[in-house]
């Protein structure tokens, strides 16, 4: 188990290093920070002094080393726009994005699992065909357009839900959360549904495929041969087996849900990390972009690790193998 | 589209693999419908200048006085705005048809280039094996582990707006899918006897790769390619919506939708609604075709 | 003579596929007496497993029982509702599957899988059900059953898993067990142990058994009667000793000839030429005709099942009544 864990962490570190290099080259080497950082009417001497102060006269690898050392100390630069540490800016907005992503994931499971199960048990039924057609639609619908349509219907015409913002927030663990207040939940409803559409389709398809595959397994037939009720066969014998791949994928997808919240947050003016990054790209606020990217990379790696651990908890076979090593 | 053209060609009565493929594809009426719709959309896009009442990119033709008119209004130029106009007085119908042009060009173009690059690298990885293989596949893993939308956003942030830049960004985020697909199939195929036979005949490597290995990797490549065209179109629209895609003077569907965003809150739905429908129909039709292609071309599902 | 536990009459189980109707079981009749073991023998695809699944009512679409009757203690199983059938399954009729690696659910503990079976048919407390599970595990020769109950299937060897599966089948002391090649996937030594165990159980509890296999040597030591299936039909049946000693049907003859241990050392192994025919388009007349050394023009007509020798039913126009001619 420890050997496995150490190897996984080493691998993770390598990926972080590789990504930091890519981000560094992308942000610092391709673009010219001098253009943005130094006012155009500065004279030659001022320019050179600034270049030196920023360390831009050093060879590329030394610049990277400096970037890396600072990053390790938690310093990912100051935002040009807000004049605050980039990392702090992002962390401030993280709860908003997190609750949105988790909300969307939970919705996807609540809606996707039962529908996928039904479609898998009755693959030729009329309702199953409708579910599957709906899932193609879910994959095809452009997220941002669905968001607009939601606003049009529920905010403009029906007036049931607020169209933008986070609404009232409650405090938990020193952070602001919308899901703690009724008003906040009302604000969260549309963005969360919007973000979950793609994931619902994904869960439906995974569940359906899993059910169809599992139904053919001998152990399901054996369970039926034992005289168990169809409900017991479905919900214990089949469901527990398909939960493993579904949880894996949904967990892995959490990262891309957070990434895709960029779009949803822009549509609903949800003040999370995604909105921040779009705004930062538009004004080329490089430190914020870098900090965001590095954070996303770290998050992806963490999610991968957590999913692996959860996986081993759900699947006794994996659990034993890792105990053995 | 080319499928339909070839299928219409009178072929001899013999059951060739291609004819069987066509008849199996046509088994699903829904997929056939998707193909027909897609062909119509493609034709609209190709012949846009001859169909549309207005060139939506020629600012001289736009009349700002006709701005934000409701669908069905007759404008100053004398023709009816069937789908209304946007804030600059652009006929939405013309705008959508021209927008489709950009969407399809970007989608198909990026998919084609990404396919060329990805398939070559995948083939090389499978054929060369060893270190070449692991380097290419690490790159693929890295690319695939990172969300496409973010990667595309970053690339565009550095390159700036423009159709070409969007295509480059899409190619950079998409090639890995093709590489992985081709490598997977090629690894299976290269152990087959016919490749060994070709190698025993001392055929040149490129001949083995492209004449023997590649054709056998085509079915999954076609399926992935179709799906990726749909993805690319959606991604382009999203990027343009976020303001990082095509320039404002030549709006694609995504940008048209974005332009309508602020007017929607005041009930002027059509500026965003109709381009969205066009986008949706395009993507759904491609996905339907892709779904059926996968079912027909997937040997595992056959008896 | 008491009524047999199971009597199958003219069973027809067909699969309605897109390519046509596959008559996997086409007019099979046999009966199994109380406490008796019936060996159902045939190559893969002969319909022996489908016969087993038909009896326990687990033929999945597109397949279904298209005709005939399955009399179990006087009730026709083919006419029972799914609900009534479920009541019998795992209770009065149990089944053991071929691959012990696949029959136990990998994500559920053994106790879960046993207790649920007990509680599916008896209203007993969790504790009582557990007690029953423990006793049954002990009965099939699993050491320290208390600990084993808490284990997951992958922690058992193949032989142990099959013992667990057998224990599950025995939980309600069924009148009939359908065993679908339960020892094929096991090592020879384990196979021997399990066979001995099963034989003992049948003798003591009076359970009848249908033992489906392609392995004649297993049947020889275990079964009382034997039915040989070919292409969805029984071609020969009778008491196991007689059929194996004096096979009447050329197919049975060939099957016995291909068992290596029966050949003399150095002698070329005998074999049945050709392959089992596709059930989709069976040849006209006798299905074995194309592979049969004794086939003649007459075999173009459908042979019927007939009691040629007392107690021996054979479906052949040219049975091996006299000593077989030298090959």
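For reference, chains read A, B and C in written order, and residue numbers begin at 1 within each chain.
What we mean here is this: a residue touches a chain if its C-beta (ideal position, glycine included) is under 8 Å from a C-beta of that chain, and two chains touch if they have at least 3 such contacts.
As the structure is a prediction and not an experimental result, all values here were calculated from the model.
K.L.:
Name the chain whose C-alpha centroid is most distant from the C-alpha centroid of chain B.
P.N.:
Taking each chain's C-alpha mean as its centre, the farthest from chain B is C.
K.L.:
Between A-C and A-B, which chain pair shares more contacting C-beta pairs?
P.N.:
A-B
K.L.:
Chain B to chain C: how many Å between their CA centres?
P.N.:
55
K.L.:
Hey, how far is the Cα centre of chain A from the one of chain C, in Å?
P.N.:
Averaging C-alpha atoms per chain gives centres 53 Å apart.
K.L.:
Return the distance between the CA-based centres of chain A and chain B, expressed in whole Å.
P.N.:
For chain A versus chain B, the centre distance works out to 25 Å.
K.L.:
Got the chain B residues that touch at least 2 other chains?
P.N.:
In chain B, no residue touches at least two other chains, as defined above.
K.L.:
What part of chain C is in contact with chain A in the complex they form?
P.N.:
On the chain C side, the touching residues are 56, 58, 86-91, 94-95, 97-99, 102-109, 112-113, 116-117, 120-121, 152, 154-155, 165, 168.
K.L.:
Quick one: which bits of chain A touch chain C in the complex? Just the residue numbers, please.
P.N.:
Within the complex, chain A contacts chain C at residues 217-229, 232, 236-237, 240-241, 244, 314-317, 320.
K.L.:
Which part of chain A faces chain B closely enough to touch in the complex?
P.N.:
It is residues 15, 18-19, 26-27, 30-31, 136-137, 139-145, 148-149, 151-152, 155-157, 163, 255-256, 259-260, 262-263, 266-267, 277-278, 281-282, 284, 289, 293, 296-297, 300 of chain A that touch chain B.
K.L.:
Per the contact definition, I'd like the list of chain B residues that touch chain A in the complex.
P.N.:
Chain B residues touching chain A: 142, 145-147, 149-150, 153-154, 157-158, 230, 234, 237-238, 241-244, 254, 257, 260-261, 264-265, 267, 269, 272-273, 276, 279-280, 283-284, 287-288, 291.
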